[in-house]
Amino acid sequence: MAAIVVQSIERADPAVIDGLAKCGVATVHEAQGRTGLMAPHMRPIYAGARIAGSAITISAPPGDNWMVHVAIEQLQAGDILLLAPTSPCTDGYFGDLLATSAIARGCRGLVMDAGVRDVRDLTEMGFPVWSKAVHAQGTVKATLGSVNVPVVCANALVNPGDVVIADDDGVCVVPRADAAAVLEKAQAREANEESKRRRLAAGELGLDIYDMRGKLAQMGLKYV
Amino acid sequence: MAAIVVQSIERADPAVIDGLAKCGVATVHEAQGRTGLMAPHMRPIYAGARIAGSAITISAPPGDNWMVHVAIEQLQAGDILLLAPTSPCTDGYFGDLLATSAIARGCRGLVMDAGVRDVRDLTEMGFPVWSKAVHAQGTVKATLGSVNVPVVCANALVNPGDVVIADDDGVCVVPRADAAAVLEKAQAREANEESKRRRLAAGELGLDIYDMRGKLAQMGLKYV
Amino acid sequence: MAAIVVQSIERADPAVIDGLAKCGVATVHEAQGRTGLMAPHMRPIYAGARIAGSAITISAPPGDNWMVHVAIEQLQAGDILLLAPTSPCTDGYFGDLLATSAIARGCRGLVMDAGVRDVRDLTEMGFPVWSKAVHAQGTVKATLGSVNVPVVCANALVNPGDVVIADDDGVCVVPRADAAAVLEKAQAREANEESKRRRLAAGELGLDIYDMRGKLAQMGLKYV
Amino acid sequence: MAAIVVQSIERADPAVIDGLAKCGVATVHEAQGRTGLMAPHMRPIYAGARIAGSAITISAPPGDNWMVHVAIEQLQAGDILLLAPTSPCTDGYFGDLLATSAIARGCRGLVMDAGVRDVRDLTEMGFPVWSKAVHAQGTVKATLGSVNVPVVCANALVNPGDVVIADDDGVCVVPRADAAAVLEKAQAREANEESKRRRLAAGELGLDIYDMRGKLAQMGLKYV
Amino acid sequence: MAAIVVQSIERADPAVIDGLAKCGVATVHEAQGRTGLMAPHMRPIYAGARIAGSAITISAPPGDNWMVHVAIEQLQAGDILLLAPTSPCTDGYFGDLLATSAIARGCRGLVMDAGVRDVRDLTEMGFPVWSKAVHAQGTVKATLGSVNVPVVCANALVNPGDVVIADDDGVCVVPRADAAAVLEKAQAREANEESKRRRLAAGELGLDIYDMRGKLAQMGLKYV
Amino acid sequence: MAAIVVQSIERADPAVIDGLAKCGVATVHEAQGRTGLMAPHMRPIYAGARIAGSAITISAPPGDNWMVHVAIEQLQAGDILLLAPTSPCTDGYFGDLLATSAIARGCRGLVMDAGVRDVRDLTEMGFPVWSKAVHAQGTVKATLGSVNVPVVCANALVNPGDVVIADDDGVCVVPRADAAAVLEKAQAREANEESKRRRLAAGELGLDIYDMRGKLAQMGLKYV
């Protein structure tokens, strides 16, 4: 595998990115037809964070975080670091020093199908991370990887510049070119949900709001 | 499997249910002879909740949450929704809209051997959920299941109307007919534990309080 | 396996132990050459605790916590209980009564490759636990084990009296005889990291601070 | 939990049991409406075995195989031993000596949500086992359990005397009272499948045999 | 997600595909720079099979195998069915009837990040399957998916018509356009390995054949 | 961690080692008091192998098999390679070329808490491997480790020269100095088991042979 760093990538419109963050992972995932969701093992290191940003992708060997240093130079304000190891790994690729550097360049967070460490510091710094594991295990700097190439991370395809949305429900990837259209659909879902929420809160049933009773009967559901 | 909804179930005495909640999962589990405990993969979405209620059971196909809508109509104040998929599944069967509806009917929480989403909202709403996973993955409404039939959930048998107790230690099921007797034993354990707690806090050893030294020696324990 | 209790063990210097706690798991692990780290499944029951202490080791049968009572008598102020079951087990070996007793003897926390229960109480008591699982499942007192013998816990070898450091990143074990030397290296790392942290926060890149550019080019990294 | 041995259980008609064995797990599972299937972690120790028999159930503590000895006395020719530990366990509860004893009483095999050992010997003896793990870890005989009580095994409810069918696809449980009716449906499925098999082998498509094209088009499937 | 079936896909040269099969997964994976390998949970249902073919891809809902029927119509001789569920699932999507149909159209095997059933029959038929699980659990035909669209399967990106190589070591995907070049490199590796094999078998050491001693000494390896 | 190769290790008596192989893992594990057993995830690549040998230990970085080449030079006839990665890893550290080299030096097999590849070739060569995974993923040769140092492998402590016994039930480690004594106990167990086996085969019950009835009654077992 050639070891390359792609220095110039396109990003989505910042307003669109921020709009997607506000909608959250579950809504965005629905809005784009239930695609782009990472596997459920990707969990946040602390509750409550909700971010979106442009992916700076890293393909790294197992247990080797050299390429993270290379990737940080490619960060622009509003970006998210996204690391996929080339084979399954739980080592701690990232800690508070790298977070300090990433924050200095405007990075909004990290998504990594591997392990993270210094999570108490990262929590205090308010730097959110979604990862497969928390593990103090250190890494080496001995083998090259690539930055800003397409990667598969936690079973989702990510191209550099794609929009990554992450919150307590997991991580979702929206292709850059689709971001505006997905945002529109996501906001429409939210508006629609708001009226449903009021009716449900008032005691109406989903069975009636969504007009399900006939279909259920027709399919054979028996009340006894 | 016939798709049915049992509309009339018996419930335990509300005072007994509330008493069991106060005792908590570990004590109730001991009190009923160490039976009825769900598998350890059932975890709460936030720390600190402790509830008990009557089970409204749902048997649902993988990735299909249609029956949740059906089940919500069967809820009475003080009930707990309990969903067992018919095959292993981590999809997000339940989110904030369904929670809004469940809360409107007095539901105390959800226990589900599957995935949940919108967990930030659910946490803010104070609606506790114990689940196998958190996953934004949506579900469909295409295949029937049943409501208020016996189910096996996370390796525990649950009949509709059984008392479900859930807290940070997991989830335990008490058969409806045994609830009063189990509460009595659980409260006896608590009273007994309170005196033990004081003696242990004062520095007495379990070895002496429980009179273990003779038995240990007899079985061959050697101090060196 | 003979069932023995070793009553007299050596401990590291308390000041060294407290110094290691302050450095934290990730730094100590690096400082001793990346050895002694437990597997990543060892997780704290609540966030934010950071402790170090001398290991009182327990080798216990699966589902049998009798030896915990025996071990508590061996505790001195500043010690940590460390339990390794003789086969994989997630049962709840330890709860609030045992914690009350351990605290009365000055115990700083518990590390256990098994399950724990009463975690809400333990959290309120401020008694930190690192474990493989949280499970209400009770244990019996029927079979002997040993106290203060060498054990392998979560893939790490622990001798009685070794220094155990635990925080949000996991658990690391430092052999008693190495503790002072490891502390020295850990503190040197911290001092070194502090200057790095300032430079990184100011926007300097790791690529420059660690002088990586030449090596990367030499190994073939291409910027495109 | 009271420790009891139920000595007299009802069994299904031997001809029905043998008929179910011949149909196999997948067909029987379909025939009874997709219920009664154990979790996919239940795997055979060697390929090719296909058995059915009446369940002699064992509820045993983790790491304690005392009740297996008790259960063997309850075996009749054609029975299957079925063990569910009271908490998750991978210890080797069963080996070649117990198999020798079980075979002497006409036992057809073992289903166990735990570990097994001596698997080379068991394979040579032709004694099939479905288990969660293979592990040499021994067990003790210190704590009571029960024989021929209802148990939940690998997420399936099993009553003593239920028919257990096991093959390379896993393990399925048919309630004793339903066995004849399920066999009838299973045999009907087999007859129906045979004609389908011939047509499919001749190159006809399932799309046509099952008349799916219209429904697919109506639901919106697009050929491009 | 639009539900589509792409009916016309390009395939690699059959001679190239067969050449890749002969090289096997480990060699091909190396030859294309260690990319395209599926996760290690993808295991064969029987040992010894080694195949390559053009991917007919299926994106299917969890627990719903309707699209398999649709995909079979798209098969040409030499193809491999490749199914990725849209969320994690272990249900048995495929059994002996579908295999009969697939074989009738010249299909070489199945790769599926889900469950398979009827594995005894499939083994007797010599139809190889690589899957995440073996499970008798049936599926429904209620929700659409797509055929011959890009999918991510067991953490590997697969485009329709890509070459899939599968053997006892797992499953690897080679982009269609790269197939000839990868084959050339794989064959070169094999030729090179053959001479190494002879020298190693004669007792020469890798340390000498690969001239490693100087580098090891330079990096600090100490013989004691 | 210093990178060292210990060139001179002591080994147990070859006759003792071969005797232990004949007893097998389950018996040896019992004979030494149920210690030294590796975790149940260690599985053989093919059924039926049963070996014992002196451990040549390898501590290797994740995804880096350089030290395997170094270790092979240290092999003597009758040895077993035993690799423990310094953090969890499933990469394929070992394949048919390394096996060719190991066999040329008289190596009996490989035990590795990591991944292996070329398993079809290894099976044909009759070179047995016990591992955590089968994975085609290649490794690099960039970072040093050590050979013939103490390691913890799959939760078992192994010193160089310890006797490793491996068969279908897993892997057990016997400290070199204890090997003769453990063999004696293992052979005594076997002799004792042989008479039990005959009595059990003749239909006698373990309940009677081991005289369990009185103890069971005394502990409260009720026959109903």
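Things worth noting here:
To keep things simple, chains are lettered A, B, C, D, E and F as they appear, and every chain counts its residues starting from 1.
By definition in this document, a residue touches a chain if its C-beta (ideal position, glycine included) is under 8 Å from a C-beta of that chain, and two chains touch if they have at least 3 such contacts.
All of these numbers come straight from a predicted model, not from anything done at the bench.
Homomeric contact chain A/chain C: same residue numbering on both sides for under half of the interface positions. When the contact pairs of B-D are matched by residue number against D-F, A-C or A-E, over half are shared only with A-E. Chain A and chain F have centres, each the mean of its CA atoms, that are 42 Å apart.
If you average the Cα atoms of chain B and of chain C, the two centres end up 31 Å apart. Counting partners per residue, chain D has 2, 34, 37, 40, 86-88, 90, 135, 137 as the residues that reach two or more other chains.
With chains as nodes and touching pairs as edges, the resulting graph is of another kind, matching none of line, ring, star or complete. Contact between chains, using the touch rule, shows up for A-B, A-C, A-E, A-F, B-C, B-D, B-E, C-D, C-F, D-E, D-F, E-F. If you check the complex, the residues on chain F that touch chain C are 1-2, 33-35, 37, 39-40, 86-88, 150, 152, 154-157. Taken in their complex, chain E has these residues touching chain D: 2-7, 46, 66, 69-70, 72-73, 90, 92, 95-98, 100-101, 103-105, 115, 117-120, 123, 133-138, 141, 144. Interface residues of chain A, counted against chain B in their complex, comprise 24-26, 29-30, 34, 37, 40, 43, 47-48, 50, 167-170, 172, 193, 196-197, 200-203, 205-207, 210, 212, 216, 219-224. Partner chain C is touched in their complex by these residues of chain D: 61-64, 86-91, 135, 137, 140, 142-143.
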